[in-house]
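The following pair of complexes shares a single chain, chain A, combined with chain B in the former and chain C in the latter.
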Partner chain A sequence: MKKVYGLLKRHSIIVIAVLGILAPLVIRNTYHVHIILMCMMFGILASSLNIAVGMTGLSNLAHATFFGIGAYAAAILNTRYGLPFYLTFFAGGLVAMVFGFILGAPTLRLKGVFLALVTTGFGQVVRIIELNWVSLTNGPMGISGIDAAEIGSYSFSTVSYIYYGLALLILCMYMSKRLMGTRVGRALFAIKYDETVARSLGVNITFYKVGAYVLSACMAGMAGTIFAHYVSFISPDTFTVADSTTVLCMVILGGAGSLLGPVIGAFILTIAPEIFRFAQTYRMIFIGAVMVIGVIANERGWVPMLTSKIRGLFHRKQTSEEGGKA
Partner chain B sequence: MALLEAQHINMFFGGLKALNDVSLQAEEGKISALIGPNGAGKTTLFNVMTGFLVPTAGKVLFRGEEVQGLPAYKYVEKGLSRTFQNIRLLQEMTVLENVQLGCHHNMKQNLFDELFISPRCRREENESRESSMEALEFVGLGDLAGEKAKNLPYGHQRKLEIARTLATGAEMLLFDEPCAGMNTAEKAQLSELILDINKKLKKTVMLIEHDMRFVMKLSDTITVLAQGEWLAAGSPEEIQANPKVIEAYLGTKRKAVGYHVGD
Partner chain C sequence: MIAQQLINGLTLGVLYALLALGYTLIFGTLSFINFAHGEVSLLGAYLAWFAIARMGFAVIPACIFGIIITSVVGVIIERVGYKPIRTAPKLAMITVSVGFSYIVQTAIQLIFGTQPHEFKVISVASWNFAGITINSIHILVLIVSIILMVSLQLFIHYTKSGRSIRAISMDQDTAGLMGINVNATISLTFAIGSALGAVSSILMGMYYAQVYPMMGTSIGNKAFAAAVLGGSGSIPGAMLGGIMMGLIESIAGTVLNTQVREGVAFVVMILILIFKPSGILGKEVVKD
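Up next, the complex of A and B:
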């Protein structure tokens, strides 16, 4: 039992990958398949936001904005200039990176609530630009008629979008895993826990903070391009500040700074509102309450809490067995 | 030749003169101490010499090269590493990770090395693990490498901070009140450790300390500050005999002299 758990924990990325590959094969209902795709999208968002929020300790309430920027970049490049998906995918990531830099560079000295405020403002500014720069973004009408993704002669079905999203999600998780326990990740965590120490040990905090923003923005932007090609219609209402808050909730509730926590948080907070759809508007009150209580009860997030509980359980069993032998 | 030298440092915070024309030298291979009553500006001077503050006027020379005004993270590359008055550990990280962070500036790997697990990444991570373990074993924390830093007792946390400065490979280490809050036995252990660092590892050490017995036993030279001004410098014997120092610490009453400084 302990061995199985240890194996699952060590190879959690592979577990997610296998589940992600199997899910669309088993589940055929179009509505369910759509929800799986949204799980992938939010999984990428939460996992990439975790690099900035969970590892580096920078608050960011504009993560859905980067997703939107990627989606708009893909939409504009595709509908105006006819760029195919495999180009808009990278272009969207690049544009989001540029915006990540624009947000990151001037806000370096800010922390906590101040940074949260500035990032919220950034989200609003981008939204207002999307609404009013009609010649570029088509304003509130949004951009429609985005081509379905194609690679060569192969045109994407919903399931292929899921697999593409899954690949990006696995990349995000793999990146997080590699960061934990190597030089760059140690520097990020050091900035989160104590900037002064990080500086005294030779960490260029400016570089790493901007880097964390740029990296997480890039992943979100790439996810946005997948989404844009999938839904084929985007408008400023698709990417709101509320979505950014939701992504932040996924990270915090699941476990900021952990590998699996944000992804599990994303899955649960994407699926739960769908399951409770029968309760109509009451479900949001319910989910909101769960979030509040969840965070108050456990700051570390639920996934790290549960894993340490399970580890404690095994530990106790082991010691009692040893006691029995003696 | 002086390894680290502060020349005519002035540090003003608005109207407050925290340091007024202070100079000091730290000789290579020696242990020097910085003492003075509370509020004398010792930590401020440390902050100036390690890049956390830019002096209002004056120069900081390391190996004869001007370093004032450089960003703080560059000082460790030059060969200066410090500890803090209030222990500053990355509490949620393991003991080993805390020390490995000290190797940060010696490593070249970037995100892509880490993603593709390049040979450079593997080599550097192994090297940093080895040199960190070496530093931990040197201070006597080798078997606690996997613990979270916050779980260590106070005395060990101080040692961990020292191990971290050792792992940087810097040739000059600055310790800000390394034995604050320790009992006599722990202090004795720590003074042995600092002597070892100086003699065996050939590191130049500068420390701020309030415990006079500790300072007199360890230091080769002592600089005294009082109220932001340079007061005296010299060997422990000279400092103990200096009437100005005695006055700054104890006022002019003769009775108290033997009690503190002469001990």
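Up next, the complex of A and C:
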């Protein structure tokens, strides 16, 4: 039992991949397929936000904005200039990276609450630009008629978007995993725990902070392009500040800094509101309550708490060594 | 035209200032921005509306009812939500406050409906001086706000509780060792902050002659931008920041266009945070 558990945890990426590949084969209902795709999208957002929030300790309340920027970039390039999906995909990532740099470079010396404020402001400003720069974004009407994604002669069905999203999610998780094990990842964690110490040990703070931010923005932007081609219509209301806070909530509930936690947090918080759809009016109360109770119940996040509980079931004698890990 | 905008901006500004005081008081004691403050404050306006329109209260008792209940809700949220995680990373507190903002906002929509309600509670007289229109609400807002701000300053500086608040904002642990009841004082800050917010939202409701569920978020956002502009944690800063924000917004609305006006507060806030994160009058703590 212990062995199985350890194996699952060590190969969590493979587990997610297998589940993701199998899911569309079993599930045929369009509505369920849509939910799985949204799980992938939010999984990518949570996993990439985790690089900035969980690993480096930078707060970001505008992650959905980067997703929106990627989606807008894809929509504009596709509808105006007819660029195909495989180009808009990278272009969207690139544009999001640029915005991540513009936001990150001057503001990342701010700490905690103030960084959260700057990013909130950034999200609002981008939204107001999206609403008012009509010649570029078509304002509140949004951009419609985005082509379905195709690579060569292969045109995407709904299910293939899932595989594409899954591929990006796996890439994101794999990257996080590799980061955690290397010098770069240790530098990021060092910045999170004590910036002064990290600096005195020779970590180039600015470089790593901006790098983590830009990388996380890029992933969100790429996810945005997949989403834009999938829904074929985007408007400023597609990516709200509430989405940004929901993503942050996924990361924090899942366990900031852990590899699998944010992704599971994303899955739970995407699926749960759908299950409770009959109580649609109470949806935001539910999300709010989850945020409040979740954080208070365990500041470390639910998923690490549960995993250490489960571990505890398998070998009771050992004291919780999981607690020491971030 | 500009003079008229200045009057409007000043009126809006003191209302932002009242709300910003709540953000800054809480920032002073707990060092985090309480994202639920705007929504909690809006509760005041809705309760006052409810008391007048549905329960047949007179205006002043209705407002007092709204202010007291809001204050109690503010304290309950602090006790339930923030007290258990005071030592946790600030991101946890921010998340909890965002959670509460969702809960309160949805609760308002469920209880009072999603439609805007008319909030005409006092008869409005207006006077015209050389092309500038001033109505009784402008005057009411200015008088009430100035009285409240002056009394808050006096309270903070010349009472024992006020001194406790200042002590806690300087150093919570030491203040506790000196015999100050930290929990009670933090609750007091939330009570005062929420009450001021309730006054602000009631007056705001009178000013726009309506209350609507998103009002708390949109005004709250501008108020925390104002608090940052003035200097987080600084009480005079919040007043100055609020008034400046109101004026900047009115002038931007005239010079540029009304759409852009909504974003000005955030641009100002971002610029302040980049170039002078402590704000105009800011220090780390609630003192002069």
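Please note the rule applied: the second predicted complex is superposed on the first by the 314 of 326 C-alpha atoms of A that agree within 3 Å, B and C clash if a C-alpha of one lies under 4 Å from a C-alpha of the other, contacts with A are read in each partner's own complex, and residues count from 1 in each chain.
By our rule, a residue touches a chain if its C-beta (ideal position, glycine included) is under 8 Å from a C-beta of that chain, and two chains touch if they have at least 3 such contacts.
No experiment lies behind these values; they were computed from the predicted model shown.
Engineer: Could you tell me whether chain B and chain C fit or clash when both sit on chain A in the superposition?
Structural biologist: Here the two partners, once superposed via chain A, fit next to each other without clashing.
Engineer: If you stack the two complexes on chain A, which partner ends up touching A:Ala190: first (chain B), second (chain C), both, or neither?
Structural biologist: A:Ala190 sits against chain B, while chain C stays out of touch.
Engineer: Touching A:Leu117 in the superposition: chain B (first), chain C (second), both, neither?
Structural biologist: Only chain C is touched by A:Leu117; chain B is not.
Engineer: Considering only C-alpha centres, what angle arises at chain A between the directions to chain B and chain C, nearest 10 degrees?
Structural biologist: An angle of 80 degrees, rounded.
Engineer: Touch test for A:Val125: chain B only (first), chain C only (second), both, or neither?
Structural biologist: second
Engineer: Among the partners chain B and chain C, which is in contact with a greater number of residues of chain A?
Structural biologist: Counted on chain A, the partner with more touching residues turns out to be C.
Engineer: Output check: A:Ser200 vs chain B and chain C. Expected answer is one of first, second, both, neither. What do you get?
Structural biologist: first
Engineer: Using the touch definition from the top, say if A:Thr281 reaches chain B (first), chain C (second), both or neither.
Structural biologist: second
Engineer: Based on the superposed arrangement, let me know which partner A:Leu136 touches: chain B (first), chain C (second), both, or neither?
Structural biologist: neither
Engineer: When the two structures are overlaid on chain A, which partner does A:Ile310 contact: first (chain B), second (chain C), both, or neither?
Structural biologist: Neither partner.
Engineer: On the A-aligned overlay, A:Leu22 touches which partner chain: chain B = first, chain C = second, or both, or neither?
Structural biologist: It touches nothing on chain B or chain C.
Engineer: Rounded to whole Å, what minimum CA distance do you find between chain B and chain C in the overlaid structures?
Structural biologist: Closest C-alpha pair between chain B and chain C: 14 Å.
Engineer: What residues on chain A does chain C touch that chain B touches too?
Structural biologist: Correct list for chain A: none, the interfaces share no residue.
Engineer: Which residues of chain C touch chain A in their complex?
Structural biologist: 27, 31-33, 81, 84-85, 88-92, 94-96, 98-103, 105-107, 109-110, 221, 224-225, 228, 232, 259-260, 262-263, 266-267, 269-270, 273-274, 277
Engineer: Please output the residues of chain B touching chain A within their complex, sorted ascending.
Structural biologist: Residue positions touching the partner: 50, 52, 71-77, 81-82, 84, 88-93, 97, 100-102, 104-105, 107, 109-111, 114-115, 117, 121, 124-125, 128, 164, 168.
Engineer: Note which residues of chain A are touching chain B in the complex, please.
Structural biologist: 174-175, 178-179, 181-187, 189-190, 193-194, 196-205, 211, 215
Engineer: Which part of chain A faces chain C closely enough to touch in the complex?
Structural biologist: Those in contact with chain C are residues 53, 59, 61, 106-107, 110, 112-114, 116-118, 120-122, 124-125, 128-129, 131-132, 242, 245, 248-249, 252, 256, 281-285, 287-292, 295-296, 299.
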